[in-house]
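Naming follows writing order (A, B, C and D), and every chain is counted from residue 1.
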Amino acid sequence: MKLGLIGLGKMGGNMRERLRRAGHEVVGFDTNPQIADVSSVEEMIAALPSPRVVWVMVPDAVTGQVIEEVAGFLSEGDLVIDGGNSPWYNDEAHAALLAQKGAHFVDCGVSGGVWGLQNGYALMVGGPDEAVALAQPIFDALRPQGEFGFVHAGGHGAGHFAKMVHNGIEYGLMQAYAEGWELLEKAPQVVNVPEVFKSWREGTVIRSWLLDLMDNAMDADPHLDKIEGYAADSGEGRWTVNAAVDLGVPVPTISAALFARFVSQQKDSPAMKMVAAMRKQFGGHATKEEADG
Amino acid sequence: MKLGLIGLGKMGGNMRERLRRAGHEVVGFDTNPQIADVSSVEEMIAALPSPRVVWVMVPDAVTGQVIEEVAGFLSEGDLVIDGGNSPWYNDEAHAALLAQKGAHFVDCGVSGGVWGLQNGYALMVGGPDEAVALAQPIFDALRPQGEFGFVHAGGHGAGHFAKMVHNGIEYGLMQAYAEGWELLEKAPQVVNVPEVFKSWREGTVIRSWLLDLMDNAMDADPHLDKIEGYAADSGEGRWTVNAAVDLGVPVPTISAALFARFVSQQKDSPAMKMVAAMRKQFGGHATKEEADG
Amino acid sequence: MKLGLIGLGKMGGNMRERLRRAGHEVVGFDTNPQIADVSSVEEMIAALPSPRVVWVMVPDAVTGQVIEEVAGFLSEGDLVIDGGNSPWYNDEAHAALLAQKGAHFVDCGVSGGVWGLQNGYALMVGGPDEAVALAQPIFDALRPQGEFGFVHAGGHGAGHFAKMVHNGIEYGLMQAYAEGWELLEKAPQVVNVPEVFKSWREGTVIRSWLLDLMDNAMDADPHLDKIEGYAADSGEGRWTVNAAVDLGVPVPTISAALFARFVSQQKDSPAMKMVAAMRKQFGGHATKEEADG
Amino acid sequence: MKLGLIGLGKMGGNMRERLRRAGHEVVGFDTNPQIADVSSVEEMIAALPSPRVVWVMVPDAVTGQVIEEVAGFLSEGDLVIDGGNSPWYNDEAHAALLAQKGAHFVDCGVSGGVWGLQNGYALMVGGPDEAVALAQPIFDALRPQGEFGFVHAGGHGAGHFAKMVHNGIEYGLMQAYAEGWELLEKAPQVVNVPEVFKSWREGTVIRSWLLDLMDNAMDADPHLDKIEGYAADSGEGRWTVNAAVDLGVPVPTISAALFARFVSQQKDSPAMKMVAAMRKQFGGHATKEEADG
């Protein structure tokens, strides 16, 4: 089928390529004219048959305004899919905006990173059945070709909510592996840490794709000497903890992973300045050894 | 080759079977005479050619006394392998005990559970090169048949230390997945939680063997209504946190996972009784809504 | 001065009493006519001199509608103080609503519980200087009579934000004490736990009012046998964690305290059901001792 | 009474002074001859009447050898008190060593820091009744002069165990306050953070001696610009977490506080290097915004 695709960055660009390989016609727009197929959203829309299907794949910060712009050109029966890492709590409003034009909305969480072009993208979608059905050929082209990798999770917001939880889990998994690695690196009796991780890729309880990636990383840099201990966070970890708090769900490991990233982003820890200040207060000009009262 | 194997429970019994399928001769002893091949450790030892190789696969609580008994029958060049979930910090003493007889010691962490018979067991071994070499044919039979699943991690204790960290990571991974599942179950907009997890088995960042097991569990019992929220802990999570504390390594997710198990083992939480008592003190006979001062 | 006071529950009722003891005239309204001085908000407003000062002390869930009702009767120069445990993020809107009438708004966090009548209430206020000045005589009557206990923390929302953080800290403090108590109770060598806590009330680094309350609680029930390990949460712990997440501030202890309360509110832990399910999957019909793979 | 005191550092030196003010005769020994009263342990012992009472107040690392040296000079009925921050699990062995000479042993946890000289030291003691009775005049001189501040917690080890838990709680309290402070510092609407903390010293639920110290610290340096976010740990936090793990007690806030200190001691976080490495692996040469897959 023929569809419009807005946002041709690392994710969107690869998705255009995977869709084309599957025989779909993609009219891509991006603010960078060097990678765009058309020079405006309007031009993109004009090139699409009715009902028009537009996939939005842009940073969260601009998703709202892009959907608004697109909505201005749409009519009865058209469809917008938001495939970005958008918070689930905006989806209802986007659906309502499009409904004013008689158009559909589907939210779609997309996982897979740079490996998705080759392996397929795992998709989690939310929205009414008829809207999802309209886009099914696109989903089928993007998803992995095995029996898994696609789910219609529920109504509007369910796709982004599921993707958010996926990323929250991801935070916890990465932190757990990282803690274990740090511990092995510090253990005097374990002499070959990269080999230990490599061995775990088969037969163990903790084998996973993330473990494979760790092994790849250590193949290139055995003790990660070239990498700084700084981890950004892209929003979904925060939304996960906030959603858990609002729903009364304890998430000790996911929040611990998020907070470890926050700390890594700080040059100096304000909280630890205060702890140090208190120790100084009760311990005098205490040496490090004597201060805990 | 021909070896002795002490402990024929779920793990040891399956390992005997896998070794025999690979052509090794196993003389198995167990305190349960119905599953044992011989009626005593002494008889087992007598059946082995020199240098004698004995694999000990018994619960941590009795490992020490079993190794002591075996040591009494060994001589120069023999080998004992401790494949149990033993703490790494006992390995040096066991090695020293056997060294008095001129015998070798190798510690071996074994992962794989009930799936090991079919898929192979991931092995992490610690000890001197010559001792490990002596047992290599056994390791080769037990390990998975791909390129991973075996590592000689370092000297005495390195195998059990690596296995301990493996299990510590396992605690963190399981808790992170479990938190994400609880959150999805509570989210009103996600209607098909088991399908979401099933979809994640392919193309996602969080795909793993544990995720496959979760999917299996939900196939049998979609919302786990038949399972109690009680998780025992078998020692290695505790040793991991203690080792991390001793080495100054922060392990917030692994400890959170361990503590969640501790709480699950309590009928009523003493700590929360005290929190409730304090709230009552400052809030009077407070209603739940008013007490936080 | 003469003021209106809406909400005469445990907090509001005691505050009316403390204000009257200080010589202020309080016209109190409550939906419970048995404790109210007037039979309607309108009647209460009619009894006040201009500029009218109205203190709102109602549960968070109804604060918005009460302020709206009050606003309908106010005019230029009047003042509403929200002394409830309201979230800071609603304060701007309430201020704007009142500004339409030319009326002022001040948010005021109030701490002290049932002890406030006697000891005074610690007050944290937010709003413009002139509005705070208008209510200063009331604040002076309510606050403790020492040199501390009152702060003008900033503009609209600052009072409730400061109170929210106060309660977030309170969660962390209570949990830390409670963990220490549980640990002492489990230690075989410490035979007199209540006496240990009592001794800590003087000379130690951890002496505090909360510690005094713990001692009181143990005087009445030495091992808290009569108290259930259930701790409600009244909103401010959740808001604190959400605010921290939004501002990128790591709050590992405050969130741990909140999650411990969440767990205490559950009959059975969904997350631990999933952990148990995974252990069963890889361990077979595993005994508790053998399952961690 | 007359007693020997070994270790005249910040704690021991002040304790000698407080004991002398109370009328006791103190024969102090230290490896620094400039502050010592005698030139050797032997000389110190020789100056004491029988039964001899020796208070040991030295760093944990040398406590064992000091007690051993002292034991060499003691006989039936003498008493050694270990007042240092020693781990409780060494106390039994020290008691047994002294028992070989017929001498007593008492372990005594001491809290109070540099303020103890003036305010008294909170004391937690462990040991048999008759041994504690022998030293009671010393305890009475050192302790605060109010009704609290001293406890005979149980047998050998109980004093140090109670002191250890005291410090574990202290870790949690300090971290909770520090998190709240960091959050207030980051909140745009709260303009006067030091004033907020100062106000909390009276009437609030969270008032405490540590809060008073925070206020003192901010009086000198309102935003702690001169203090580095580095917090050492002196052993007792680690022992607390290890003891909790061994006894199956969940300590999420105390461990979180300990781990925050560990992180503050690291120049770069190994764990976060691994998290960053994984993000790079699945996100390609990912920008920070795009990497969480």
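One rule holds in what follows: contacts are C-beta pairs under 8 Å (C-beta built on N, C-alpha and C of every residue); 3 or more make two chains touch, one makes a residue touch a chain.
A quick note: this is a predicted structure, and the numbers were derived from the prediction, not measured.
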Item to complete: Could you figure out which pair among B-D, B-C or A-C mirrors the A-D interface, over half of its contact pairs being identical by residue number?
Response: B-C
Discussion item. A-B versus B-C: which interface comes out with more C-beta contact pairs?
Written reply: A-B
Practice prompt. Provide the C-alpha centroid distance between chain B and chain D, rounded to the nearest whole angstrom.
Written response: 36
Discussion item. Based only on mean CA positions, could you tell me how far chain A sits from chain B in angstrom?
Written reply: 32
Fill in: Mean-CA-position distance for chain C and chain B (Å)
45
Worksheet item: Of all the residues in chain C, which ones touch at least 2 other chains?
Response: 111-113, 167, 170-171, 175, 177, 179, 182, 186, 204-205, 210, 248-252, 256, 259-260, 263, 269, 271, 282, 293
Worksheet, complete the sentence: Note: in the complex, chain C contacts chain A through residues 204-205, 238, 241-242, 245-246, 248-252, 255-256, 258-260, 262-263, 265, 269, 271, 282, 293
Discussion item. Going by the contact rule set out above, which residues of chain A touch chain B in the complex?
Written reply: 88, 111-113, 116, 119-124, 126, 143-144, 146-158, 161-162, 165-173, 175-177, 179-180, 182-184, 186-187, 189-192, 195-196, 198-211, 240, 243-244, 247-254, 256-257, 259-260
Worksheet item: In their complex, what parts of chain B are in touch with chain C?
Response: 9-11, 59, 85, 111-115, 167, 170-171, 174-175, 177-179, 181-182, 185-186, 210, 213-214, 216-217, 221, 224, 227-237, 252, 256, 260-261, 263-264, 268-284, 286, 288-293
